[in-house]
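What follows is a set of structures for review.
Both complexes shown next keep chain A, but they swap its partner, so chain B is in the first and chain C is in the second.
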Partner chain A sequence: MTGYREVLERVSAVGGIRGTMLVAAADGIVVAESLMDGIDGRAVAALTASLVGRLRRTTASAGLQAPTVMHLRAENGSVLAVPAAGDLLIVAVTERGANLGLARLEMLDAARQVA
Partner chain B sequence: MRALEPWVGPPLQEFLAESSARVTLLMTSAGQVVAQHGFTRSLDVMSAAALGAGIMASTDELARLMGSGRFGAMVHQGARQGMYLSAFDTPRGRWIGLVVFGPETSVGLVQLFFQQFVDELAAAAPPEAPQGPVLAENFERELNASLRALFGR
Partner chain C sequence: MSDPIRAMTAELAAEPGSLVFLDLAELLRRRGQLAAALKVAASGVARYPTLADAHDLRARIHSDLGDSEAAFDAWMDALELDPSHVGAHKGLGFLYFRAHDPVRALRHLETALTRSDDPGLHAAIARVRAAVTEADQAPPIDDEPPPAEGAVRAMAGDLPFSLVEGPASSATPSDSDLFAGFEGARDGLLLLDAQGMRLGGGLRDADGADVADAVAAHLAGVSREAARTARLLELGAWASVSAECGDGNLHLCAPTAEAVLLTVRDSSIPAGRLALLADRAAAAARRWLGGTA
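This part shows the complex of A and B:
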């Protein structure tokens, strides 16, 4: 668990990231988290895992491979999700001005590390 | 979906729609059914209510033996479906929710929307009506009315 937290804290260190989580994709529950106050981690985990599951089914139906990055952009920020081994998801909640390119790179790297 | 008390209906309907639960049973801590969705036989619902209340009573006692507070919820995860069992306080006393869900949803979603359901029940509960004496001549009529409300018979 300490290893997971270290991986998440590296992602959280990217400018504009308000929190990161490791989520069990099938169950939608939090495995590890590094979140700022004001983020309902349990809700973000459950809803993001559900959304990723639906997107996977959508791409499979379209004959495409499973998404490697999901980016949900809202008015004041974004939710990013990257699948990792062991049916886990790396999830990040960002502010509007976050460095999303670097965040994606760090998340993809984190996904390799939790494998 | 069938509920003994009408104010339970809208929050339960919303929970069912949001969580995609297959079966939901709401009961008092004594095992008396308050509402149900997904059961077709009265025998099944009565057995499930008694068993669910028994499980929660056992976990409360285990928590007491371990010197911890009450456990909030319990999940049994099976290959094809899972069960979420949770006790919570309402203005009408302690109630228990038993939710059966399949792979079309997740325990995280069930847990999330169940908490919202509990909050909505607390907000919707009317002030307790004064209880009249339980009279033998009323008992069978009230029992039949409850069975009709829960099973539509």
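This part shows the complex of A and C:
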């Protein structure tokens, strides 16, 4: 678990990220988290897992491979999700104006470290 | 909601993998509830993409809606799965006849007749034969092979839908105006209403198969889920959802509160550029929706 926390904290160090989590994609359960105060980790996990599940079904219907990066952009911030081994998801919640490009790269790198 | 529909809806909800969707969509179609019928059929096709009867059902609903082009595509899909599918041959015969191509219409109807003894089919063939004779273009039909798998796709480009009478003739041009000038206007841009019903555009997979309805069946749920996630995480209104896949990228946004736009491109178009393309297409969709309101 400590290993997971270290991986998540590296992602959380990117400017504008409010928190990162490792989530079980199948049931939306929190596996590990590194969150700022004020973020409900269980809600993030459940909602993101559900959205990713729907997106996977959508891309499959479109004849596309499974998503490697998912990005929900909203008025005041974003949610990013990257699949990792073991049907896990690396999830990040960001502020508006966060460095999404760097966050994306760090998350992809984190996903490779989660085995 | 009447009892048989309620019962079948409950059965489908309890067992989403049930084939009862075929009966439910057909009953809804017969009762004129075409939007609901199409939604049920599209979900069924998404679950059973290799079931020719499901594509045939979807085609009949599209035909009832006046969308001859979508009906044609769906019947072609059915024939690719089952080259002797009676319903698909009858449907294509009907479409070709309406498109003033009695020769092809006759070919399909006669193929259907080899598998069905439907009295209505005999009457339809007699009518089409008369049209062929009138047009003085009767070919030796018996020498014409039935459309073979693979060949049916080639015929798609020959169908003059602009000649189709009825609702399709007014619907098709306005649809073609929607994304005019945009790359992927017919195979990579899909505009839906909030219930996941196709408003315009189209979507095809890498093999050229029409996947618009199958994808549409999921998108209303994605947009609702995105809105709910953004709201509950106190991020404000959702603006877009994007997915990067190994072989392509997908971008979903809402041009208006009642519409959802999907933009799909292969992976040579990076996600950021795809978002810019989607913004332009969303502006076009807003203009189009305003013009059709």
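Here, the second predicted complex is superposed on the first by the 115 of 115 C-alpha atoms of A that agree within 3 Å, B and C clash if a C-alpha of one lies under 4 Å from a C-alpha of the other, contacts with A are read in each partner's own complex, and residues count from 1 in each chain.
Methods note: contacts are C-beta pairs under 8 Å (C-beta built on N, C-alpha and C of every residue); 3 or more make two chains touch, one makes a residue touch a chain.
As the structure is a prediction and not an experimental result, all values here were calculated from the model.
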item	value
Fit-or-clash call for chain B and chain C when the two complexes are aligned on chain A	fit
Which of chain B and chain C A:65 touches, first, second, both or neither	second
First (chain B), second (chain C), both or neither touched by A:55	second
Which of chain B and chain C A:43 touches, first, second, both or neither	both
Comparing the two partners chain B and chain C, which touches a greater set of residues in chain A	C
Touching partner for A:77 - first (chain B), second (chain C), both, neither	second
After the two structures are overlaid on chain A, angle v-u-w for chain B, chain A, chain C in degrees (C-alpha centres, nearest 10)	80
Partner chain(s) touched by A:27 [first = chain B, second = chain C, both, neither]	first
Lowest inter-chain C-alpha distance for chain C and chain B in the superposed arrangement, angstrom	8
Chain C-contacting residues of chain A that also contact chain B	43, 47, 50
Chain A partner contacts - residues on chain B that touch it in the complex	77, 105-109, 111-112
Complex contact set, residues of chain C against chain A	46, 203, 205-207, 209, 211, 214-215, 217-219, 221-222, 225-226, 228-230, 232-248, 250, 264, 271
Chain A - residues contacting chain B, complex	23-24, 26-29, 42-43, 45-47, 49-50, 53
Complex interface listing, chain A residues touching chain C	39-40, 43-44, 47-48, 50-51, 54-55, 57-59, 61-79, 93
